[in-house]
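Shared between the two complexes below is subunit A, which pairs with subunit B and subunit C, respectively.
Let's turn to the complex of A and B:
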């Protein structure tokens, strides 16, 4: 800092920074991207390890024997589900009671803001059924949750069967220290949201639910099980929750440790682990795995039923059984033993899971990148904005009138507010005018704005404000949801850095549109499909893009996801400011 | 020679006319529960016609344990109730227990009005009891002790109800195990050598769904005229065995299966020794079958209901039959039932999320179809949950329910807990919800427990009530009755006393990351020193361009020029 106190050296430093501003920015951008790509390189990452002593050192023997019976129960469940045309509430209540659980039900209903075309629902009514296995000699202060969604059609019957099988087996064990709640939730996330809100007696999203009758104290951890076939080849772990929240890394470690112990193939993001990290294909494999995690996290939506638990400070993950055409098969008994082992270790917990990381990326199940390693990648991008701001500050001769930038700021934010409110307000009107489906109507109203602002102030002041605004915005976003912050920085930072009124208008406008948040999302959709090895044509991609936007809006209104308001109310106005700078007169 | 001496002292004990009378009774009640579980309740009662007070130095003890007698006289205790419980009584499945108790340890004591320094005596007493029962009662201090104004009236005789002499404390986190059972058994006249106490084997008692042991000391009347008082020591032990866990699929119970022992004799010192089996739900033997059968039947009014019991008198040789050993066997015939609807039950939970605020919800259910009755709710909340008492709401059936009596004592940080007592009328067939919001305090870093992420406990709420009775209750407290039905004194025929405890709460407080103090210290020091320091420096210092000082020749030249009146160089 002596450097800055000395006026001569300060002047030299500033002149260096202004003279070499553009090259430094380019270097920083390259370095940021390179750093990020380096995160997936195995020698640069850490191996996962169990931090929680209560789960690490204790030995657990798995003895769950009743996989076949669980499958039979699953088939029974399927038959009753078909007969009832939805959740077979009475049958589930009776079956759980027969297994010695305290059984309760919860009814809920929710009217969506607009029809959800992916799942074909608008007015949702359902019932959750849950049974509590009371731990002997425990005072109902702590609980664990095992949930399985009751989905329409033929999927997930085995999960419910296994859940009931485990309930029966667990009931006969003496060692439980925490109550175990077996939950079968209807209408996947909506049911889960109703149950969690009922359990914690909160109402964040305006859903109607009947109050819960039985509780088990504070929930320590939860697993959501999805299983649709009698034998599986691998188990997939899903971690990404609402708003990009992740469970404690120890939960992932626990899953990995037991998969290793029992000998079940385990994947994350549907990708198997590879040992050839030094080959190009091995490296690109882990890049793909990590990029999938980044994309999923950035979307801010819950990627499984576990995703809603995280708001309540409950560590949760979804476990999905995958059946592909591989030779290696695992039966339900083995999965039961896997879950038994995990629950026994969670039962041993003395404190909530808190020892390990909450902020991490996983290029494979056995390796992770902690926040200390990935933040510099974002920092290198963010520093570009600060450098540009410094440059502009030095170029400003007179002290800027702050009031003069108020008008464009207010106008662009009003557009943001319009973008946030109008899609829901005017979706019915749009349907009357255009013969398009309702979902598309929502989307078209959402992206139909392109406001040109012509206000005469010094563009440098406006740009200075806009650049600093973007820096703060991205910085805060990256702290909460690194992936979202990083993806936005990747596209918005070049725009923010190089847009001036003196660059070629048409080309720049084109670039600006290409790098706008909406187009970023469009590219992300294609990129995501590519990563999942399910490439789509442009037509399909466009439809997918529209449904992703409507899903994002629904996630906001149903579960309180913050990505849509963030983009509409803050990121989009910020982008508008840059558009404004480009068309300066 | 020891036999000889013993017999002499025995003869002296019997024959000396001035010696006060004492009496010991033991009793075991077995109740097959609705859920298929089985509830066993032991009661041991020692009554001693003596006076510990007024400087009367009692030194000769026979049946009454000396350690407790000394406690009574040293600390001028009028009534003492202590319970250790592992597990939570499931009212919805098991109905009401004979002696309710909250999870963890509970202690409440009435002192004589001669005690001047009640708090000091209480502190000493808890430490002494901590030693006697091998429990962490020494953790009872002013931060978890309250003086309830109405909920805990004396159960023995005496009209003194000035709550300045009452102290009540719970330790919801207390774990109960063998080390608490052993000193408890040692207080019995026969120890665990003979009588019903031989069944108390810890490996079986702690292989159960619920375990609770208690000691109650109180003065009682000797006869219905109540001219003289005697001291009663009741030791109770309640245990619920789990059908699923221990029966291995077979739906049958026996004393041997429950306790891994059978009975061969009564305690020789006991004046009565009986086993009661509740057969009210089973008049024709359609639910379960008991063997060996007994012709003795007894009826008792307990918890507002007339119950029928098979009685096995252990003082009669015939009870043990030809094999000289009694192994009661209960065999179920029908399958288990649904949940019960007890007239009064309660539950409690913490609502909300995040680590800043929250809301405590207490739900009280009155399942009586047409009678409403009042309940006294006692809540003692630690100071680190800062209750916003203005947010207190009581609602029944969607309407505001105004409590007719509220006693609230606000907490003082690090000194005393919140105390909230309310008298609420529960309408028939309704749920009454009491909610109060709170804020979670940030503790000082030494105040956290070694496992801060486990959470902090809030003790159970206590709900005391006079519940309308179906049958006329027996108001004569001195008549000979089974022990289990004579614990709570009954003042009127139309209602009976019930105490219900809610579950304790586990609340997470904002917790710093203790695992990395070194990192935190390093980071904060660096940030303060480098970042803040230099920024502060830059902001407060004013910068000026310093002129190089002129040379000597130039200075001289300037002086000359000044004298000449010419501007300097």
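Let's turn to the complex of A and C:
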């Protein structure tokens, strides 16, 4: 314990750290960013491999034959959907019963806190229809789920058709050891949330649903299928779930292995992987793929219907069929074989998927970066905060009085609470007074809460507390949702490190606003659109930004997403403390 | 000073009442850091229900608190929240009065030592003044009542609050010099959980110091005092145990309470060190490691008593800390009790070396406990190793805190005897190094 007990060495180390504080901070920041960018460089990543022994190689031939019949069923579904003006419940029940499944329905309704941009209404009502294929010779303790959403219009008809086709094919096989639940959910995530809550007897979000009449045991894995065309060119895998939670990497490995076996092109984030990793364009392609994943994970939204399963410890992923301008087309029979193969492998599982990583980033579908490799990037950013805190502690002459720090902390948090609760309350009032759309009303009331606070206490004490608070907050966020923690760290750590009352006020105020969570979100929206190769103009970008904020608030109320309360109640008061320090007199 | 204390009591009662009425109360009473199988309110309610049915509350291995607690709540279960708030207030007021009395004695001893010229001339800045010591009792009460750990423990209705009240009353009666009451409260505290037994050493040292009995093994007065104290202690313990037997009608509370504390059958994760080890252990070695871990709590008494025999109140602080860290089912309520003493040693601030590191680590660990619990139990992405890592870090930080205060205390005593600016034999400046 030489460092902690030898006073000479301690004094030397501490004086070194205080003398070289700013250079070390700058070096750490650049090292953190460089480390993060280096994660996409292929030699630094690992190839994906199947970790679960039960899903290892089995000599199985997939034999799903009925692709054409599935497409016909899909066309029937589309016609009945148009006739019913929503979910054709009776037709679905009859069709599933004809295929030998035990069919049940669930009705649900939810009052939205404010009208959704797309739907423009307050009350959402719907029905979920699901059929259970009972395992012929096994006890009914475990289940797998295959779901397809019932979207209005022309999308996802083929998905429902393929689901029903697979149901018929699976019903004739004898090797199923787990029950398979075929679920068609209405209103995407809202219906899925109602079904999951009903299945697990929880009611965390205040939704109204009728109890489920039939169950299948504990769900081991789930796949959500989205298919809107008769032929496809590639299959896209979507992994990001609610609050940035990801399924076990083995599920992605399973998908990739089967795509290789069957010969289907597979993509992640809509991007095909390239072989030229040593060229600049190849490297930037990997970086774009990884950054798309980071942005999607940081938003905390579920990016497919599978996103809500993860909270219940069920590994789930969404598979999307994409039809683009490529020469080689894959038909529905092949997709059916792919799904059949995946489900046969999942059937072999003896316990839940737990062997592979739960925390990872994927610069391409065949390479991944695990938590041990990407955490040091965040760690380097957090070290800056700790160095600053140490520097401030050494400069403090007297021991800090606890009471004097409480006042700005309490006031900042009360402002955060106001930001959290008042936009919903006031948007109704704002809509009556001004001719703006509901989402704009919500957002503008939120932005109008920047308060200038002049408190006469020692700014060093406040900065020490604020820096430590930010470090703990970012650490906890990075553990739960690494991408969100890293993006917040990238923008807030420089703010925390350089702000003092002695820097030039106007320039620093401008930089502080640019690096605030609100502006970070604005830039992220534009950056996200660039990454997806769909750049937007400033007007469209602003509207997209407002809709992202309102969607975030809606996600929090509907599914319990944590991003909005985190930003409003914890990150924003922290930023406000630094604003206080800048304007301290 | 009564007015600020009253204001503080009112503020803390308001905070607790507000939290009782909010939805957070249920969430907090489920957290494993705040309640343990010994102290959970859910188990007290279960025991009360069994008692009402006429069955022994200890059947079914749910309830592990002592019979006096269950009979107390048999009468006041409708006012449970008021009972716990009252227990916190009693603890705070008892600590307030104890520290006020202790400060008076410290100041008086210092005055005599100054008059007798016992301090070297250059350490006059280490002498404490009444002005700086004036607000210490209020700060102690504040540190206890407004500590988030205490508030969480009270809102969860953990019986740890009642244990803390008994220990605080014991400290008050010891410092006031009342031998009989000190023995009675110590036996009550030991009856609740076995570990306060180690507090008899500092109590004996303090009372002997107060009655001017020299601490010398060869003197008859020393052994006579010990015999008196032991008689009073064992007598009251016998009375309490017998009372429990008569109230309950059988002896089955002994294995359920004391057997449970000593043999640690329940391995629910908590902020202590036992659960992970014993979950991994082979049955063959269980008894051995059980003995090692339990002896660890009692082991530090004698060496610390020998070193700190002139300073029994600091010894009480250290013993409380050792008990809170190494006991079999610690909770944050136990930590809050010894942390309440920290303002009493605020004059050691200049000699503390690791306070920044310790407070950062304690703050970070307190924030990380619920995060890693969520990741382990709900998200399924982490496992018990992550949670135990934070537990270990938390306990290491506490040990570092206690040893830092010990170092600072000894160093100040050293400076008071040998002067503040130490010189080597050849006159050059020397630094103190702890080897």
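In this text, the second predicted complex is superposed on the first by the 580 of 585 C-alpha atoms of A that agree within 3 Å, B and C clash if a C-alpha of one lies under 4 Å from a C-alpha of the other, contacts with A are read in each partner's own complex, and residues count from 1 in each chain.
As a working rule, contacts are C-beta pairs under 8 Å (C-beta built on N, C-alpha and C of every residue); 3 or more make two chains touch, one makes a residue touch a chain.
Just so it is clear, the structure is predicted and the values come from calculations on it, not from any experiment.
Novice: Looking at A:354 after the superposition, I want to know if it touches subunit B, subunit C, both of them or none. Which is it: first, second, both, neither?
Specialist: both
Novice: Can A:137 be said to touch subunit B (first), subunit C (second), both, or neither?
Specialist: first
Novice: Does the superposition put A:393 against subunit B (first), subunit C (second), both, or neither?
Specialist: Only subunit C is touched by A:393; subunit B is not.
Novice: So in the superposed three-chain picture, is A:7 touching just subunit B, just subunit C, both, or none of them (first/second/both/neither)?
Specialist: both
Novice: Quick check on the superposed pair: does A:311 touch subunit B, subunit C, both, or neither? Answer first, second, both or neither.
Specialist: Touch status of A:311: both partners.
Novice: Based on the superposed arrangement, let me know which partner A:468 touches: subunit B (first), subunit C (second), both, or neither?
Specialist: After superposition on chain A, A:468 lies in contact with subunit C alone.
Novice: For the three-chain arrangement built by superposition, which of subunit B and subunit C touches the greater number of subunit A residues?
Specialist: After superposition, B is the partner touching more of subunit A.
Novice: In the superposed arrangement, does A:172 touch subunit B (first), subunit C (second), both or neither?
Specialist: In the superposed model, A:172 contacts subunit B only, not subunit C.
Novice: Indicate the residue numbers of subunit A shared between its subunit B interface and its subunit C interface, in ascending order.
Specialist: Residues 4-5, 7, 311, 313, 352, 354 of subunit A touch both subunit B and subunit C.
Novice: Which stretch or stretches of subunit A touch subunit C in the complex?
Specialist: 4-8, 10, 245, 310-311, 313, 352, 354, 358-359, 386, 389-390, 393, 399, 468, 471-473, 475-476, 479-480
Novice: Can you list the residues on subunit B that touch subunit A in the complex?
Specialist: Listed in rising order, the residues of subunit B that touch subunit A are 86-88, 90, 92-93, 103-104, 172, 206-211, 242, 244-245, 338-339, 347, 349-355, 359, 361, 451-455, 457, 503-508, 511, 513, 515, 530, 534, 537-538, 541, 543, 545.
Novice: Which residues of subunit A touch subunit B once you look at their complex with the stated criterion?
Specialist: 1, 4-5, 7, 97, 100, 102, 134, 136-142, 171-174, 200-202, 214-215, 217-218, 311-313, 350-352, 354-355
Novice: In their shared complex, at which residues does subunit C touch subunit A?
Specialist: Residue positions touching the partner: 346, 349, 353-354, 356, 360, 363-364, 367-368, 371-372, 374-375, 378-382, 400, 431-435.
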